[in-house]
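Once you scroll down, you'll see the structures, which are given as structure tokens.
You will see two complexes here that share chain A, one where it goes with chain B and one where it goes with chain C.
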Partner chain A sequence: MIHVDRSEKIYIIISVTLISVFFIALGISSFVYGFQVPVPEQRVDPRTIATPAPDNPFGEPGLRELVPGKKYEAYVLAQIWSFTPREIRVPAGSTVTFYVTSKDVQHGFRINETNVNMQIVPGEVSKLTITFDEPREYDFICHEYCGVGHQSMAGKIIVEP
Partner chain B sequence: MFAREHKLTAWHLGVAMTALFIGGFFGPLQKLEYVGINLYTTLNKIGIASYYQGLTLHAVLNALVWTTFFIVGFFTYAITHSLDKELTHPKINIIGLIVMIVGLIMAAIPILLNLATVLFTFYPPMRANPFFYIGLVLVVVGSWVCGWGFYLTYIAWRKENPGVRTPLIALGSLITMVLWQIATLGVATELLVLVIPWSFGLVEGTDPQLARTFFWFTGHPLVYFWLLPAYVSWYGMLPKQAGGKLFSEPLARLVFWLFLALSVPVGLHHQYLDPGVPAGWKFLHALLTYSLFIPSMLTAFNVVASLEIGARDNGGTGLLSWVRALPWGDPSYAAQNLAMILFVFGGIGGLTNSSYNLNLAIHNTSWVPGHFHLTVGSAVTLTFFGIAYWLVPSLSGKPLWNRKVALVQTWTWFFGMLLMGNGLHILGLNFGMPRRTMIGAASYAADAWTPMLIEAAIGGIILGISGLLFYSNMVGTVFSKKRLEAPIEMPVAEPYESEPAPAWLDNWKPWLAVTVVLILVAYGPILVDMIANANMTSPGFKVW
Partner chain C sequence: MNHPDGLAAEPKNSGRRWGFRPSFPVIMFSVLGFLTLGLFAFVTIRPIQVLPRITLGPGYFLTDANGAAVTNEDFRGSIVLYNFTYLNCTAPCPETSGTLQEVQARLDELDTGGIPVRLVTISFDPARDTPEALQAAAAKLGADPAVWTFLTGAPERLKWLIGGGFSVYYEEREPGDFRFDPAFMLVDGAGVLRAEYRTAVPDPDRILRDIRLVAEEVHNRQGVANYAYDAAHLFLCYPR
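Right, the complex of A and B next:
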């Protein structure tokens, strides 16, 4: 074994304890408090994803009402350099599940000041759910470089009273 | 002795510094654009088509070319001097250098012609000119070839010196080159199998999710390829420069081995928010990434303790006031100590990035470039400046042109990075400002962002000035008419304790075995699944 100085030994024990505590906290926040990241949802073909078809919700992107005033699905199609739809209106207190995919290059989808942040990869559908409690506006923006118009790719969510 | 090695090192350093000069030029322009001063309209006249073409040059030249060339050059010097043995097959290293330069030129031409404005991540299905990708492959392969030259020299040294412990500087450098060789298998596969045939139109579609996964297989150990040469200097050289000794030489060796084993199987922490990767795999990589905290913490203690030995020998006293007895007047020393201080902030931010949950607050925001300008832009680059302050005089046989200018350079880099790093971190965390975006033209940029944008811009301008000071010193030294009275030797820190490190810290086999096993466990099943179910449907797009 290696000879390790006493003060260094104490320091190593503190370091290992610290990172172990961090990791346990990470596990608890992730699995006990229901933290979510996008996970494999559905494989799609980006070449036909924008084509209207009965079984293709991205053919007509937009908001679907499941339970009025309570539960919604939002299908958002990303393309250079805009989101469809650009504006989404929901009542306060509603829970919205976002399904986002791209018909061309990679994009990003982040609703600022919320926990919704996803990488948008052509061929994959990114999905996250969020509840909007307060009436206010949120920007959603593309955060992955997607070409010279990248900086203009954004939209708004309006939570109505 | 070493004439050929010095010449090779000088070539690598020359290319590295030229790349950083051109790439660095765009840095302040980006920050000025953030505050509404768009100089790209002027640059159109000299053929720079957009902010993003400039950004591609900035990223590729700084993050890939400056680092790789500097590191291979520095190691050519460090390994041969540390083993006290010339390269046994110098032709291999000359061929490696030539391949790297050919690759660089091949990749640079499409970027300059605005045919590869894809940034340094080149995420498919954005499709650049094929020669951009081939050039990148050649730079990487050339660096492998240089590595093979190092390994052959080491094998010959080992035969002549059975039972002798490999000197720490050589060992750390060789481990870094092996780490690079293993890590770059990911990006090499991405480019050779998925991207290059597709960019030539031989296959119609590619799988962007799979390409991203191969990219980040390389993308995270890449940062340790940048960082470990700085560690070679901090452990192996800096204690000597401070008049001290390496506090725990065996633990320094252990740190390099741990980085070899743990650097690769962590790449998915860059993909927490990817749709195509299952949560369990992301969480496994979160655990493995956290384990990298241990060798980082070991380094903090060991390096500071080594410097303290030097400071106390120089009359330093007190619990903390010994810090004043460090050789702050030596620019090579000051640069590297300031690099370490910035790295503390970079490391803490890195813990946030790698946290499975906190990551979503900052993913792809300007927090991330804020972070890596404190790590690769400071811990690494400022350390490389510090190394250059003794290495370039040693190679040229001429004294450093101006020591005071060098000191001003290191401190301006330090404060410039503090301002820019702070501004970018806050803009990302508080406002979700996206990274690598032409913010001056973004509709969603709010008034509340302005103070931090200005802070970042001031930092960027200070960094630009600091860069110019560095170059004036390099040019001034190389073209100086003065000669050194005595040659400058590589500083080599002695161990504090005379007992040699145990044999298991000088044995490649167990560590390579652990490395391979960890990679197979962390990447094997998920990669097999993603390859078996590849979704090769994305055609290429030119979006610039």
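Right, the complex of A and C next:
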């Protein structure tokens, strides 16, 4: 066996141990916490997603009430270069679940000054839930470059008192 | 045995058998390695499959087709499949009672080991879906009163139950004309929501399989299997 210096040996042992611990921790925690890519909530067909149908909420995008003043869901359809709807009004203290998809190219959905930040991929529905506590306005923007009109792709959430 | 002379020398060279004497770190890393491999085998082969415990099912207080009060506690100990609709639902309204009809017809082929399976249709149109109307609908659908219950109640209670508890959207656009998302919910005997089918036409095979999995878990959770089932939940061993 080749001679390895004592200090080298210590470094090798420490680094191999660290890598092993991190690897095992990553493997186990990814199963324990169910890590997943935040995009694929549901698969849809981008060609027919905007077609109104009784079982297609994106055919009539907008805010939908689950419990008055408390719980809402917002279906937002992204396309070049706008969001439908452009304006969403919710009462303060309400919890809103956003379902966003694209009918053409890849977009982004970010509500400024909140944790909502999603990639919008055609054929997939992105989902995130947020509670709006105080009355104020938020801008939501497309933050994935999607063509020449990208900079005008934005909307507003108005949290009413 | 064949070399009696060698026996005396054996204790000195006990490491010879493998050609090396395993040191403590080697043993430790092997044990860790086997544990990790075993874990990965468990979560990839998934010998035990469970349905997720999504959340606690909502509580409610409604009335049935006989005008009697029914609460969620009445279904404790039973596996319950819910759907939400209104009786005047005609095309293009997404009709969901057909799936419950099929599940009811195929309950015989399912062995739940004595755990009752109940079907519950909740109408969100109490103004028109009176107890008499619910009775007529039950008769028309061939609902077995021992299995299939029809419920309705006060509008705000229904909103909190269906919209708040089950997160299923419905709204009265015009009087008597509802817009809603078709959905089915599976709640286990402990009142825990175990599966959601957010479509007008779910696969009945899948629903029956899910009911079977819930019943199996109840029966198999004994002794050591308890820990195996907890591990299956922890490592998300859900059916695909």
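Methods note: the second predicted complex is superposed on the first by the 123 of 161 C-alpha atoms of A that agree within 3 Å, B and C clash if a C-alpha of one lies under 4 Å from a C-alpha of the other, contacts with A are read in each partner's own complex, and residues count from 1 in each chain.
Everything that follows uses one rule, which is that contacts are C-beta pairs under 8 Å (C-beta built on N, C-alpha and C of every residue); 3 or more make two chains touch, one makes a residue touch a chain.
Model, not experiment: these values are computed from the prediction.
A.B. asks: Just to be sure I read the superposition right, which of the two partners does A:55 touch: chain B = first, chain C = second, or both, or neither?
C.D. replies: The second partner, chain C, only.
A.B. asks: Thinking of the overlay built on chain A, is A:135 touched by chain B (first), by chain C (second), by both, or by neither?
C.D. replies: Touch status of A:135: no partner.
A.B. asks: Does chain A have more residues touched by chain B or by chain C?
C.D. replies: B
A.B. asks: In the superposed arrangement, which partner chain does A:69 touch: chain B (first), chain C (second), both, or neither?
C.D. replies: In the superposition, A:69 touches no partner, neither chain B nor chain C.
A.B. asks: If you stack the two complexes on chain A, which partner ends up touching A:11: first (chain B), second (chain C), both, or neither?
C.D. replies: First partner only, chain B.
A.B. asks: Give one of first, second, both or neither to describe whether A:32 is in contact with chain B, with chain C, with both, or with none.
C.D. replies: second
A.B. asks: Once the shared chain is lined up, is A:124 touching chain B (first), chain C (second), both, or neither of them?
C.D. replies: First partner only, chain B.
A.B. asks: Does the superposition put A:45 against chain B (first), chain C (second), both, or neither?
C.D. replies: first
A.B. asks: Starting from the residues of chain A touching chain B, keep only those that also touch chain C in the other complex, and list them.
C.D. replies: Touching chain B and chain C on chain A: residues 27.
A.B. asks: Please name which positions on chain A make contact with chain B in the complex.
C.D. replies: Residues 1-5, 8, 11-12, 15-16, 18-19, 22-23, 26-27, 29-30, 35, 37-41, 43, 45-47, 80, 104-106, 108, 110, 112-113, 115, 117-127, 139, 141-148, 150-152, 154.
A.B. asks: Within the complex, which stretch of chain B touches chain A?
C.D. replies: Its residues touching chain A are 50, 52, 117, 119, 123, 125-126, 205, 207-209, 212, 247-248, 250-251, 254, 271-279, 282-283, 286-287, 290-291, 293-294, 297-298, 301-302, 305, 351, 355-357, 360-361, 363-365, 431-432, 434-439, 441-444, 497, 499, 501-502, 505, 533, 535, 537-539, 541, 543-544.
A.B. asks: Which residues, counting only chain A, touch chain C once they are in their complex?
C.D. replies: 20, 24, 27-28, 31-32, 34, 53-55, 57, 64-68, 70-71, 73, 97
A.B. asks: Going by the contact rule set out above, which residues of chain C touch chain A in the complex?
C.D. replies: Per the stated touch rule, the residues are 29, 32, 36, 39-40, 43, 92-94, 159-160, 163-164, 167-169, 171, 179, 181-182, 199-200, 234-236.
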